[in-house]
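Chain naming follows the written order as A, B, C and D, and within any one chain the residues start at number 1.
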Amino acid sequence: MFDNLPLWPARASAGAGNVDALYIFLVLLATFMSVAIFSMILVFALRYRRQPGRTAEQIEGSNALEITWSVVPLGIFMVIFAWGAVIYFQERTPPRDATEIYVVAKQWMWKLEHVEGQREINELHVPVGRDIEMIMTSQDVIHSFYVPAFRIKQDVLPGRYTTAWFRAIKPGVYHLFCAEYCGSQHSGMIGQVVVMEPAQYEAWLSGGNTSGSLASNGESIFQQLGCVTCHRSDTQGRGPSLAGIFGKPVQLEDGRTVIADENYIRESILSPSAKIVKGFKPIMPVFQGLVSEEQLTELVAYVKSLSAPPGAGTKVQESKVQ
Amino acid sequence: MSDSPVALENHGQHGPELRHHFATAQQQRDAASLGMWLFLGTEIMFFGGMFLAYLIYRLWYFNEFAAGSRSLDIKLGTVNTIVLICSSLTVALGVRAAQMGKRKLLVVLLILTLIFGLAFLGIKGVEWYAKYKEHHIPGASFDASDLIRDYPQIHIDPSHEQIYFSLYFAMTGLHALHMIIGIGIFSYLLYHAAKGRYTPEYYTPIDLGGLYWHFVDVVWIYLFPLLYLIDRKPLG
Amino acid sequence: MSEHTLSSKMYYGIWIALMILTVVTARIAFVDLGPFNTVVALVIATCKALLVVLFFMHVKYASEKLTKMVIVASIFWLLLLLLLSLADYGTRYARHG
Amino acid sequence: MATAVITPERENYLNQEYGIRSWLLTVDHKRIALLYLISITFFFFIGGFFALLIRLELLTPAGDLVQADTYNKLFTMHGMVMVFFFLIPSIPAVLGNFLVPLMIGAKDLAFPRINLLSWYLYIIAGVMMLHCIVTGGVDTGWTFYTPFSTAFSNTKVVEAGLSIFVAGFSSILTGLNFVVTIHRMRAPGMTWSRLPLFIWAHYATSIIQLLGTPVLAITLVLVVFERVFHLGIFDPTRGGDPLLFQHLFWFYSHPAVYIMILPAMGVVAEIVPCFSRKRIFGYKAIALSSIAIAVFGFLVWAHHMFVAGMSLYSALIFSALSYLVAVPSAIKVFNWTATMYKGSISFSTPMLYAFGFIGLFTMGGLTGLFLAALGIDVHVTDTYFVIAHFHYIMVGGAVMGYLGGMHFWWPKISGRLYPEWLGKFAALIVFLGFNLTFFPQFILGYMGMPRRYWQYPPEFQVLNVLSTAGSTILAVGYVLPMVYFLWSMRYGKLADDNPWGAAGLEWQTTSPPPTFNFDKEPEVTWEAYNYDQIPDPAAEEVPVER
């Protein structure tokens, strides 16, 4: 019977247990409170039901009670808040060395790219036990990346990157839903996450046909678009060198400092004049409309690879030349 | 005055303007005034939504806001501010004239107010037409290349420039709509004032219309620096 | 809205003040005050708005507490909208962890 | 005071004038309330019809009953119609309109003509919405999220947006009228501390209507501008922020939930003391908690956006503030329950609805705690868990309160009694049908079924079937009251002036009241809920009907 009526979603990520724990706590709390209120109503209604000869006793109220039932719930609420906040903080803080997967959502499909270059549509293969960070953007409207078995959900927005991360702990095939209404085929924008044992995953990786890693693709776009003429790694060009900048603070011409994260790189490609690096001129052309979201992710991946410590994994080896 | 005693009789012992469900004229006036102020409160929140959008984008896209602001005609903007302030004066004096029962003065002041109001809209129209000529109206034909040429010191992203002009047109457009409604109200007031409907005992409509007009003026008092004066200092 | 009538001299005085402030704010915008240009512009605008509200709209003399409460509440709610939204915009791209 | 002999010919607001004109041009708040009653009932059944189609479609996992686009329009228009054309006007515009002047001892609202104007605005908005529906509908979801609504939807977004803009204007004017009326029109002796809690609740509601609705209005105007004039305020391709729209939208639309629920709380605060024959427990606490909800309700809007891509830090702020608003709601529930303690409780139909309200609102509120908890919200937001939660509040809460109030005041409104056993039966059906419809959705939500899905994976089917089955029961429960209310208008027993032996000025005038409400201006010398001074009609052997 429970094949058709499962009452609990699969628990397939490291974070899912924490969410479930708080959820179970809240279910117990809510059940207790509901039962308490319901039975109080029931008991009062029966015990004090209208009977000939008895009159109600007029009671004005009680400040002590009012304070009690304001302060005690507030205390409990703050515990729930703190507990929920801790989980949220973990969910929103990807480990630094997480493997990145770039996601481009569009009406009505998910396009996923592994750094090694595998591209998938509506299907995501990941190994058990590895931290995975999704770097996501949308080509059109707002979508939302939702894997119930991992208890993660993150809206995917046009015009910027949002991120989410998970570590799968149980091999299997899980739903990937779009959770933000996005038009006609919103309910068709579903896919699956295939969690594999590491060995199987390696086999899958090497089996797929790839067209080069993300970073190396990004590098060739970097050459094609002529970015390399100004952003040089050997000498100081007309644009700032991009080596080692990722994740570091950047001094801007107007005195502000920003962190060079994915959104900053993205903005600097699409709208270069928005945040000019100190000491440089706003001479870079605008690439808005000239590069696709996929090309953008590849460029971002390339720029990021320039900041990876030497030997930090195979994914950046080829791009370290130059 | 011109309302005949017949009307008075129909209303029993209270005056013709006191509606049946109020006990006293004072209660009716207080209710009307409170109602108007509450309405103005909702208007603050109505414009408030745009002020939020303005605040966020001005923080994000200061350069484009600065350039867009420079491209507005500050002379016309200042003149328009002065025109509105003058209209506020005539309204305030008009309310006073109504209070004191000076009917002719009231009519003159209402006419002056209408003239100022129309002048404001006319000047606004001239400014909008200039923006239309310069292709500064957001949309497919938007073109910021003149700004990029005129202000080489400012880094302008044309698409972000559209956001400034979107806000400019939304804010001034809705303000102008309020002006048009105000002119409608004041035409109505003028018509009845000319017929002598308002007396020192009953001039609530003038008072409420005045409150509305002043409010629209106050909105402009903020719009002027927020849109025209973002960054006018000499470019270095 | 009430018995109280202000003298017309008062109105002319306010009017002149408003005109002067308008010219001042338009002029001072061309002077480089650094970040204070915006502050000055807004302070002047607020002064002008106060003059209009307090005198032309009679809030100073001829109105009761309730009117003032309505004004304060509306402005307070506007600030809620602005400030709580800024709580998001001010920290949205801050990195943590 | 409840023993006047009833003569049917007695002049009252219903029979003072006849003819369609006397209704369409009326400025009597009681007649306008009835105009609203008819119009919102109409829209309630339209919205309910959409809901049934939605439930039927979800009976099977495949999208087989209607097309995907049709389904998207169905849930969109279900939401828009129910929120803006039923729930928001429901209690305020019908019961509030009828009762606010009566309860405070006034002859009418402060601005009777503006009151009529708000009904006309509502009708204009309603006609626009109907026109929008029959000429193709709109598919953005009632939330109008950009950039889908501004740049991608090919449906009638502009018309729907303008319709809601006009409906919002109607709502603002109603709220404005109430605030002014409550401030200026109270009868002598009716101090703030003597106001019925229904009035306090409506006062708080009106504050939200006044300060929140304009923000929705400007937001919709900007969406319309973006579609019609190609402005780019929310357009991400021009650097606009889609989240800005959400901030503005929820600044109104979260407090809007309190526009729906606060008046229902006011209704419950009238019903519970009456059928417990007791002064309400903690009058001050309940009154102040209404105001607290109205204020705190404005501080929590971004809890709808925890996964939308906003700042992590502000999510913490909004989560913490969200718990703040739960406190006054809890205070109310505890006080209502405490009111029954040592009372003399009778199980009349309105009281059954009040029980239902307290129970379902408690569950709705408690599941709100789940959603305010950041870690849980990430998983369950935009799933059926949210759907279930807000239907517990809006249908289990607001609609239960509305029906309870309709039953409570129906004798006053119509001068007739409805058949009591049918009333109890319908209340039971609504309660059971409601729980069967929406409880499974909590489980569905935690299982991960996203909302607004036209087709879904097969493992969700059993729970969906339960939900659909419940919805048909619920539909019966809603049709029944309409039928017997209509029936009672002609055949119901004539009602006493005060059939329940209730406190409150509205029960001291005739049923139905005369056009100017009171034959003589009342003067209040007693506190609210003075049940110790009011004889219990049921206590004198003679049952309710006379």
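Here is the rule we use: a contact is a pair of C-beta atoms (placed from the backbone, for glycine too) under 8 Å apart; a residue touches a chain by one contact, two chains touch by 3 or more.
Please read all numbers here as calculations on a predicted model, not as lab measurements.
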{"item": "Central subunit by CA centre of mass proxy", "value": "D"}
{"item": "Pair of chains with maximal C-beta contact number", "value": "A-D"}
{"item": "Euclidean distance of C-alpha centroids - chain A vs chain B, Å", "value": "46"}
{"item": "Separation of mean Cα positions, chain D and chain B [Å, integer]", "value": "35"}
{"item": "Geometric centre distance via CA averages, chain C-chain B, whole Å", "value": "15"}
{"item": "Per-residue overlap in chain A, given as positions that touch at least 2 other chains", "value": "89, 92, 271, 288"}
{"item": "Residue list for chain D, restricted to those that touch at least two other chains", "value": "183, 211, 215, 237, 239-241, 243, 247, 251, 312"}
{"item": "Numbers and ranges of chain B residues touching at least 2 other chains", "value": "30, 34, 38, 41-42, 44-45, 48-49, 52, 56, 61, 157, 159-160"}
{"item": "Of all residues in chain D, those that touch chain B in their complex", "value": "106-112, 114, 172, 176-177, 179-181, 183-185, 210-215, 217-219, 221-222, 225-226, 229-233, 237-241, 244, 247-248, 251, 516, 521"}
{"item": "Touching residues (chain side chain C, partner chain B) in the complex", "value": "1-2, 5-6, 8, 11-12, 14-15, 18-19, 22-23, 25-26, 29-33, 37-38, 41-42, 44-45, 48-49, 52-53, 55-57, 63-64, 66-67, 70-71, 73-75, 77-78, 81-82, 85-86, 89"}
{"item": "Residues of chain A touching chain B in the complex", "value": "271, 273-274, 276, 282, 286, 288"}
{"item": "Residue ranges of chain B in contact with chain A within the complex", "value": "61, 63, 155-160"}
{"item": "Chain D residues within the chain C interface of the complex", "value": "183, 211, 215, 243, 247, 251, 298-299, 301-302, 310-314, 317-318"}
